[in-house]
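Before we start, here is the structure in question, set down as structure tokens.
Chain IDs A, B and C follow the sequence of writing; residue 1 opens each chain.
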Amino acid sequence: MKNFISVNDVTDINALVEKALAYKANPLVDKTIGENKRIGLLFLNPSLRTRLSTQVAAKNLGLEGIVFNVDKEGWALEFEEGAIMSGTTVEHVKDAAPILGQYFDILCIRAFPSLKNKEEDYSEQVMNAFIKFAGVPIVSLESATLHPLQSLTDIVTIKEQMQKTRPAGGKPKIVLTWAPHIKPLPQCVANSFAQWVNAWGEADFVITHPEDYELDEKYTKGATITHDQDAALKEADFVYVKNWSTYTDYGKIYSNDPDWMLTEEKMQLTNNAKVMHCLPVRRNVELSDEILDGPDSLVTTEAGNRVWAAQAVLSEILKAQ
Amino acid sequence: MKNFISVNDVTDINALVEKALAYKANPLVDKTIGENKRIGLLFLNPSLRTRLSTQVAAKNLGLEGIVFNVDKEGWALEFEEGAIMSGTTVEHVKDAAPILGQYFDILCIRAFPSLKNKEEDYSEQVMNAFIKFAGVPIVSLESATLHPLQSLTDIVTIKEQMQKTRPAGGKPKIVLTWAPHIKPLPQCVANSFAQWVNAWGEADFVITHPEDYELDEKYTKGATITHDQDAALKEADFVYVKNWSTYTDYGKIYSNDPDWMLTEEKMQLTNNAKVMHCLPVRRNVELSDEILDGPDSLVTTEAGNRVWAAQAVLSEILKAQ
Amino acid sequence: MKNFISVNDVTDINALVEKALAYKANPLVDKTIGENKRIGLLFLNPSLRTRLSTQVAAKNLGLEGIVFNVDKEGWALEFEEGAIMSGTTVEHVKDAAPILGQYFDILCIRAFPSLKNKEEDYSEQVMNAFIKFAGVPIVSLESATLHPLQSLTDIVTIKEQMQKTRPAGGKPKIVLTWAPHIKPLPQCVANSFAQWVNAWGEADFVITHPEDYELDEKYTKGATITHDQDAALKEADFVYVKNWSTYTDYGKIYSNDPDWMLTEEKMQLTNNAKVMHCLPVRRNVELSDEILDGPDSLVTTEAGNRVWAAQAVLSEILKAQ
């Protein structure tokens, strides 16, 4: 694996998932493969799970991880080609990226979308600039439009759960449901989850959301899409809850309908489904206390699995170097 | 030792003090007991000595320490049970704590009081939420009402000093004196020092402060309390200087009387006392230059001892795991 | 070497440069000389290259590096002797420095000038206070008036380039040219480069800048100084580009003349010169895209060499301890 930006960087999803689960069973089995190598963890935005789980994963492989909060500790970066830099940006990514590529063996980057300019966000200019100029492997810690480490973790969590409850196999029904939120959020987690579940291909996949909340078809193609949440939830084995802002008329909140919040009552429609969320979650807005604190929630397990997903990815990149 | 939140978590103060002094003599004697373990150092507020000394202590035990400035690098946490999270907080401690407990073997947390709501502050909701939800040992790096690593350090410093100057033993007279300050400060350091000296029981302990600056009796009980600073200082062996805001009518400044600042003149009343302060100190407001720069100040020694106190505590927690 | 504050701390520039180049060829040759030692990297201002390259250098020597953003994570420091601290500063350097000296074996400090008060900036009060009070070696990560790690890197880069292109030796012509910028910048990099090239003594050294941009003669003495940029560039082997604000009438912008920006056209005057800049650089304000992206730019090599310069300095300090 050269970079890890989307599912397209993965040749065998199931093998990568199994690798993650193997690390969960034996975290230190590869504890020297990163020796004398360094990863830089660059944050243009806040992070808790992603940052800490990637630091832990790196350490488990013997890699030294150095965190750098670009927005707070460094200089404001310019991304526009040919810019006359007489404004607020202090350093061009064309200058910063190759230098970071000299200091680190792998660069991990988090950069949220503006939600102001769809074309710019969906061009993934930050991630692509680092890929173009850094000269070392780039790992997305969530980009403008995708969050592949989260999605890999999600598949890991689903497979782990199925091995426990359905050892004989069989296709699970997975539902991605929109949830209300008080502010416009990126489409990243939803895009990425859809992209991975579709690429994985081992589930019946349904996406449900209010009208006008369609995601980019590039990611959803292959899934059944409906505005009827109740119909979607019927016989579901996994319910993935997530808010996102509008994609077509970009970055808006068209609906904040509290009826879309998942409740125990709605869960009655499912096949004793497990509930997933990438976190952070706005309790009693996106998801009710009763579900988060109940036995069907996988959110803590899911967040814990972030370590093993990151460790599998870093390990694949190290082996390819 | 399971958690380290107050003196109540310590079964033998003298043994813990001796352990700290043993680490001072031989910092690396236990350099592998923390191998392949990790502590998370979570800060909801600024820190210099506490953060750095705990990092150094962890490293001396072979523990990997990861610092996370929750307030700056992560998400604003919600602590209220059942909250409908449609405001400014992004993640509930019920969700964050168990995840951090999966990433780390020990969690160390700093969380100052608001000084607005006495009941809330004295309920120690932040520290107690982490104890309740994290599932791993919790170490206080200063909480809303107590600062146990500081107080342990203070006893270590007093005992170390007595071993030098009074090898035959005997009860020292220890005076905790209020000092002026320009803004309302927590009662933590004073509460905690009183609690520890009282629990230790090997000193004549006097607390002196202006009227209306009474501390919570839960901590001061057992000490002599007086508003007459001069009387208190008489024959003192150790003078511990600290400002705090009012406790009864909570979080106020009733007096800023500069006469309460300790000076060389007042020190004449003592038994060649040593002067202590937890730092940071407002020079020439809380304590005069002449004392801080003179031979009786223990403040640098005290801050240096923070490493050994933290190391003793982490070591005890590791051994109990 | 005891401290590293300016070229005056170096007894043999060429030997130190060779040491840096030897580390570039073999980064891990001294990987245990810093074992069980710690350096503190204290930032009162932002940093990218300096921070990361010094962390990498420390790690290459087996040193543990701990970053502390004093301005963001700690307390506002007071530097005035005898201050009555009833204002915004919370801790005096007289108290903080000796404690940091107990926690670390080497302290590295970055502290920019105010550009408001020339006398105060040029007294280097921050750096000198740490030297006076910390009790351990101090390394400048850029001070109010100098940036010695950058200048050492610059000489390393020049010598490395000459070994490639002119193995028979001979004095290169080095030109330091002022460049336009949109805001007042410190004189540090220019002062320091002038001081090092003059002390090195193995070049024809020309400084060119608009009228009224004279630097402190203490640093420039020995160089040819001219306001005619074209004349200066003639037959240059290395062109070092840098903006600085006025020194005499302190901290001002007198000229922002875009004609001073280096272009390919001006480069025709040189002897196929290589172009250097410390970065960050404002593209198309200080330096044109065509030069930065062209074959004559050394800026990425230069930034990469920061690691080896820092490693040589830390190594010399460790050996003297």
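As a working rule, a residue touches a chain if its C-beta (ideal position, glycine included) is under 8 Å from a C-beta of that chain, and two chains touch if they have at least 3 such contacts.
Worth saying up front: this structure is predicted, and the values here are computed from it rather than measured.
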Determine how many degrees of rotation, between 0 and 180 and to the nearest 5, align the Cα atoms of subunit A with the equivalent atoms in subunit B. 120
Given that subunit B and subunit C are copies of one sequence and touch, is their interface built from the same residue numbers on both sides (over half shared) or different ones? different
Between subunit B and subunit C, what is the gap in Å from one C-alpha centre to the other? 40
Subunit C residues counted as touching two or more neighbouring chains: 72
Subunit A contacts subunit B in the complex at 28, 43, 46-49, 51-53, 55-56, 59, 69, 72, 182, 279-285, 289, 292-293, 299-300, 303-304, 307
Which residues of subunit B touch subunit A in their complex? 36, 38, 40, 64, 66, 68, 70, 72-75, 78, 82-86, 90-92, 94-96, 98-100, 102-103
